[in-house]
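The two complexes that follow have chain A in common; it is paired with chain B in the first and with chain C in the second.
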Partner chain A sequence: MAHTLAPYLEVIRHTLNAALCLQNYPSQVVERQSRPEIEFKDTAAVVPKPLVIARDENEKCLIEPSVNSVRVSIKVRQSDDTEKLLCRKFAGFFTQRAEHFVILRRKPVEGYDISFLITNTHLEEMMKDRIVDFIIEFMEDIDKEIKDLKIALNTRLRAAAAAYMSQFSQRG
Partner chain B sequence: MAELSEEEWRAKVMQHKAAVEELLKARKSKEALAEALRDPPYGAPEEVKLQGAKTVLYALSAFREAEIKEATEKLDEEKQNTLMKYLYKFWSQSLPSRTNAQLFVWHAALVEKAGTGSIVRVLYDCNRP
Partner chain C sequence: MLASLIRRLEEPDIEVVNCHAISLDEQFLALCANAEEIYIFELVSEQYQRTDAVLAKHSQRVTGLDWSCHRRLLSVSEDRTAFVWQQDSDGKWRPSNVELKAQRAALCAAWSPDGDRFAVGLSSKDTALCYWHEEVNCWVAMKVGKAKAAITALAWHPSSQYLATGSTDRHCVVYDVSMSEEGAGPGFGTPQVTEDAGAWINDIAFSNGNVLAFTCQDATVRFKSLVDGRDAPVENIRWRGLPFLCLAFVGRTQLVACGFDYVPVLFLQRDGAWQVAGKLDLGAAVPSSGPGGVRESYDEARKRFRPTSSGKAATSEHSNTITSCCPFKDGRFSTSSLDGTVIVWELS
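Coming up: the complex of A and B.
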């Protein structure tokens, strides 16, 4: 598993490194404002086409660059309903606390589970390598976390079912 | 370059494909890859571009994993950039995971050779294969 995940993350790391070259860009539409071009798409010339990096249909990453902001969206592998539920809860948990994560976008891009929005001010405050590391680590962890949660959930269910059934066997 | 009609583009891509297949049959996979990456159909309609991409993928799949690094070193700078463009195109096509995994190896080798600059050139080049 880790063997196949690593090259995927490595590609994302390189692509992010290339895409995260941001500068301040005053809006061409609204005076005295600077807003993320990738969200508002004010000037078409500074928003190149997005890139997709995919392992397969269920696990991919969308990187949308622009002159002053980059939007990174992740789709996490969900092989069954339990994982789908866990992933939804997990993503919801994060997005409700988005202000603590600074670069997290409150609403994921359609078709993806979690989105990040990195602007030029973030890059001025934080180190680029750290941001890239954070996203890669996040992707590593979320896979692991969901798997662990699923196992924990199943164990708990089994224990609960066993405890529930034991009251009948004692009586009988 | 003069504007080509859809028919002309299609003929060109088919001709390209035939040349690549010829080289692959002669077990010259490196020459086949170089031929596949030469003169990509930038202005062509989407359907024809897909045909062209298939040819490149066909040439790429002829390599074994150990040969990939050597193959990228043989390509000149323009072809490296073109290959990088194609890699990102393939990923957005939802291909099977085996193929994608193979493309990761190509990407790693290409970044090592051509550096991050080639990814930036993919981002900001309007000419998409």
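Coming up: the complex of A and C.
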């Protein structure tokens, strides 16, 4: 592999560190409400341009900053149909349990597999470094997890096929 | 260390401080724990002691607090209201109403240096300038200016005649707000100086030496000396770190900026030019790891449960974003942070 994973994750870590400078920002449109500007885009001035960090077209990360919220979307490398299926199942597993993951967005952004939404209230409750670490660790793990699942799946398929075919070989 | 820590306030039940204010004589401290109530602390034998007073009039998060020179406390909130609190002779804090006429949340508040008027920055893109109206017996607001986005920062000129506002539409505007006995002056509400900041403005400060400083989300602090007129050049000082959220002049030539870096940073004017003097809280030395493999593996295991992996939090006094900063006399200033602490510093 020409590019290793480490520099890619390092760039994401630095960008997240800079993007996660959030403050409380009550809505200008709806009174008595404070809502994530990146989702509603009420005020164009407080939503800077989004950033895409990519290893290649199959593996990239979209970071959309705003004054009180940041949306981080990840596209995981999927080289064949098995990986596509595993990735879809894996993302589905997480999004169904989104309330336990706190910063996970229930629906990924168009074109990406998994999205996080971090608001200023998360930063009040949790350490910023810890949130960044969580996202980086998650990205490291999801690659490994999908590869492991694929190997396990292939092993089981092979075992099942061998067991099925063995009855023919005995008759023969 | 360039600054020494005078006192530190940490309450077990206060986890987040989103704003605070200390009166000019340092006697009273008001703070809001990211909720509707305001707690009052009093200075007793060099430490702040919590008093029984809990000011609960707002129905949403309090966003701004400020003490006037007459020891009145101004509080503004996201519920579009403001109150002016004054202590009675029996020690109770009595609120007086403010007719704010705000359409949206109030974001910031500042008393004029003479203590007669105050300004409130609003999410409805304008500023409410309030004065005491004798006939109706309450504070009445007059609207000043119209920005393209919410007003997030305010600063009064020491003469109380001019008001600087900073908005998320990237512009910093200084308005003439002079008033006479009869009402608004002839030039009331006219913009005197307009500056483009390049990013949304987080805070503004006015020095006694007529210098206007403002900081934006791009981690710069911009200085403009108004002695040289309204077309004076803007000095743009870039900080190689995260953006600042609050500014405070602690002298004519010293400015303290605090924000997402968890530490206060000092800016100095030397030979007519502003420059970064450095972090005021250099942090404690990193403790060396204990001897023995068992100890190391224990540390290793404990790292997993520590709130931070880089250990940055352990080396600075504040362990989260500094949200407000207020200066008082003798080079002293106080900072409050989202980690629930308030610290009073003194420049050495």
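Assume the second predicted complex is superposed on the first by the 169 of 172 C-alpha atoms of A that agree within 3 Å, B and C clash if a C-alpha of one lies under 4 Å from a C-alpha of the other, contacts with A are read in each partner's own complex, and residues count from 1 in each chain.
The criterion applied here is as follows: a contact is a pair of C-beta atoms (placed from the backbone, for glycine too) under 8 Å apart; a residue touches a chain by one contact, two chains touch by 3 or more.
Note that the structure is predicted; figures quoted are calculated from it, not measured.
Contact with both chain B and chain C is seen for A:Asn17 once the two complexes are overlaid on the shared chain. In the overlay built on the shared chain, the residue A:Gln28 is in contact with chain C alone; chain B does not reach it.
Legend: residue contacts after superposition of the two complexes on their common chain; A:Leu123 is shown touching chain C, with no touch to chain B.
17-18, 21, 48 are the residues of chain A that lie in the contact sets of both chain B and chain C, per the superposition on chain A. If you check the complex, the residues on chain A that touch chain C are 17-18, 21, 23-28, 31-32, 34, 43, 45-46, 48, 67, 123-124, 126-130, 133.
Residue ranges of chain A in contact with chain B, taken from their complex: 4, 7-8, 10-11, 14-15, 17-19, 21, 48-49, 51-57, 60, 65.
Those residues of chain B that touch chain A in the complex are listed here as 88, 91-92, 94-97, 100-101, 104-105, 107-108, 111, 116-117, 119-120, 122-124, 128. The touching residues of chain C, counted against chain A in their complex, run 16, 18, 34, 60-61, 63, 78-80, 103-105, 107, 123-125, 148-150, 168-170, 199-200, 202, 217, 242-243, 245, 259-260, 307-310, 312-313, 319-321, 323, 338.
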